[in-house]
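Letters are used for the chains, namely A, B and C, taken in the order the chains are written, and counting of residues starts over at 1 for each.
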């Protein structure tokens, strides 16, 4: 099903290119795979740059982006060896670059799905929380254990605190203990849980479902959702009504409605 | 138990009167029933006007309002035939009128409960999310599938995004796939799930429980809740303390407290 | 395991000292026990003052604070006899003092865990919702039943509405009906549920886990979490990045990182 497997073209160096791989299906689902299992897919500065570079390289064309990992750890968060050796200036660079990635995902016009099969901890858990959607296998676990080593997961808490209820976020941040996939589902960190065997196929199915939608419409919808959710109910409702009217005026809006009434499949602009 | 069944008195026309029926029990629970199963209880402009008119007609007297439907679809959302045939001007009218309904529910002094037995999709799901409370049967499903036809559920997302956790809202909005009653309960779209057989009786029981409260006190409480939840913790706490003191000064506040201490049932002003 | 059991030293009077007891373990976990089961651990003004006084007395030294109760009722909320007999001026005093307690918990530099084995209602439920973490036994129940006696739980709604999803909060506030521990877990009011037999040991274990962390780091992390969660995503991310860098510059941040890389247990400043 996957059309081609290659190291990311846009990687800055041969070194970087090994950290992630990008595969884009004919349906334009781009799989970005964290591929440094020996280092537990740690978010070193190189890894952050590699993911950012990959997203940049596919974001124009992709209809859906999937973040996944090889090995048993989705990502263990920042590379602590790198952090320990770095100057304060580099610390700023690392955390700012990590924020760049999180905000790039939030603002991506192609929906980004985290598909987790294993452990996602610290900034790795932050990455899951930052995605538009997240699914995982039953055995997956999530933790923000920075507090165990005297480094409170303050940046992961930004995304975690907006994804799950307050008591669960504080439990994770204060105790550092992992939660199960069931607790992650209950708390809202993921919206679907599958067996480890089903995860890949189900992730592909969901991504495929999203890839059949009009990208123009998805883009409009995601942008408005992120904008209206911060506003008062009255302002959010008014703004979103205007977006609905604008949506209906789009070529894909007209086509979708016609196709529905004519009981046929729509043909989006992107497919012409 | 239901005192009378009639088409809504305040309907604008004979045509409208068929779309919804309103029944008010002696206990002043008003059941507004969407009654156009042949059109899947679509929220056409006429249907929106009929519900709005019904709420207006009962809101002064009702102690609790229940929204429910006949047929297997609670509501399928906007009437897409109507939308397709309409001018941009009418599109504005449709979405604004829909917003009027949602805000009317949010600001209703009588609590509004959605009782869902079947499918609630798009603006139908929005309607459920907009109610103060929502209960459903086990087989009920909820979806925001507008994205499937090139019309992102941007207005439903306003209420959905405030009712459930972010990951679930995005899953529903991006994939268009339905969620089960169990997922709706877990995510916070409904607070109780019953068997299809029990739903009517349990809805009646809950509405009856609410109808035995002081309407004056409910009104004060709902208004303060909606106001304080937007504020900072300190401001919310201060404002709500003042409301507690004001509540204690109400006739019904004094009566309720006395009745409690005297181990008798309170008699509210509304029942005198 | 508990080092000493004594009435709180800082209590204002002999009368107050009976309402709560404070025990601090050698590990500096402070257990504040509401100890007026005959009055269902009602939050009378004396009880509020006693808890506040206890928190004040331990907050400098404690690494974790546990709130728990004797008897089958964690707390039934305000003392309604006291409320009924009080002037409006005293009503203000009661609700303001209750707010003081809630804000004191929110701002406590030592994490506060509610450990509930039984009923927590009205301001008792508010107290649970106000804590950083909450755990309970399977048989525990939570309710905001003020509406039953004509006194809407407006102040409890401040904390409840920030802890659980909107539909559950409104269900509890409007119907006054209790929810089970399972519903509390699902809705986010507690993050862990244990059997009644396990609750004490598990609470002690969690508190002990938190007590082994660096208090300086916990303090920094909690303060930033509370601050960032109110801000826009961009501002929250930027502020939290700066806190991460500051955290790395702390003695305990350096020690934790070194210990991790050297595969040894860290020794925090507080333990030297």
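By our rule, a residue touches a chain if its C-beta (ideal position, glycine included) is under 8 Å from a C-beta of that chain, and two chains touch if they have at least 3 such contacts.
These numbers were taken from a predicted model, which means no experiment stands behind them.
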item	value
Chain B against chain A, contact positions shared by both copies (same if over half, else different)	different
Rotational angle, Cα trace of chain B fitted to chain C, multiple of 5°	120
Cα-centroid distance, chain A relative to chain B, in whole angstrom	34
Chain B residues counted as touching two or more neighbouring chains	162, 164-165, 186-187
Of chain B, residues touching chain A in the complex	80-81, 83-84, 88, 91-92, 95-96, 98-99, 102-103, 106, 147-155, 157-158, 161-162, 164-171, 173-177, 186-187, 230
Touch list for chain C against partner chain A, complex	111, 132-134, 162-165, 185-192, 206, 209-210, 213-214, 217-218, 220-222, 224-225, 228-229, 232-234, 236-238, 240-241, 243-245, 247-250, 252-261, 266, 268
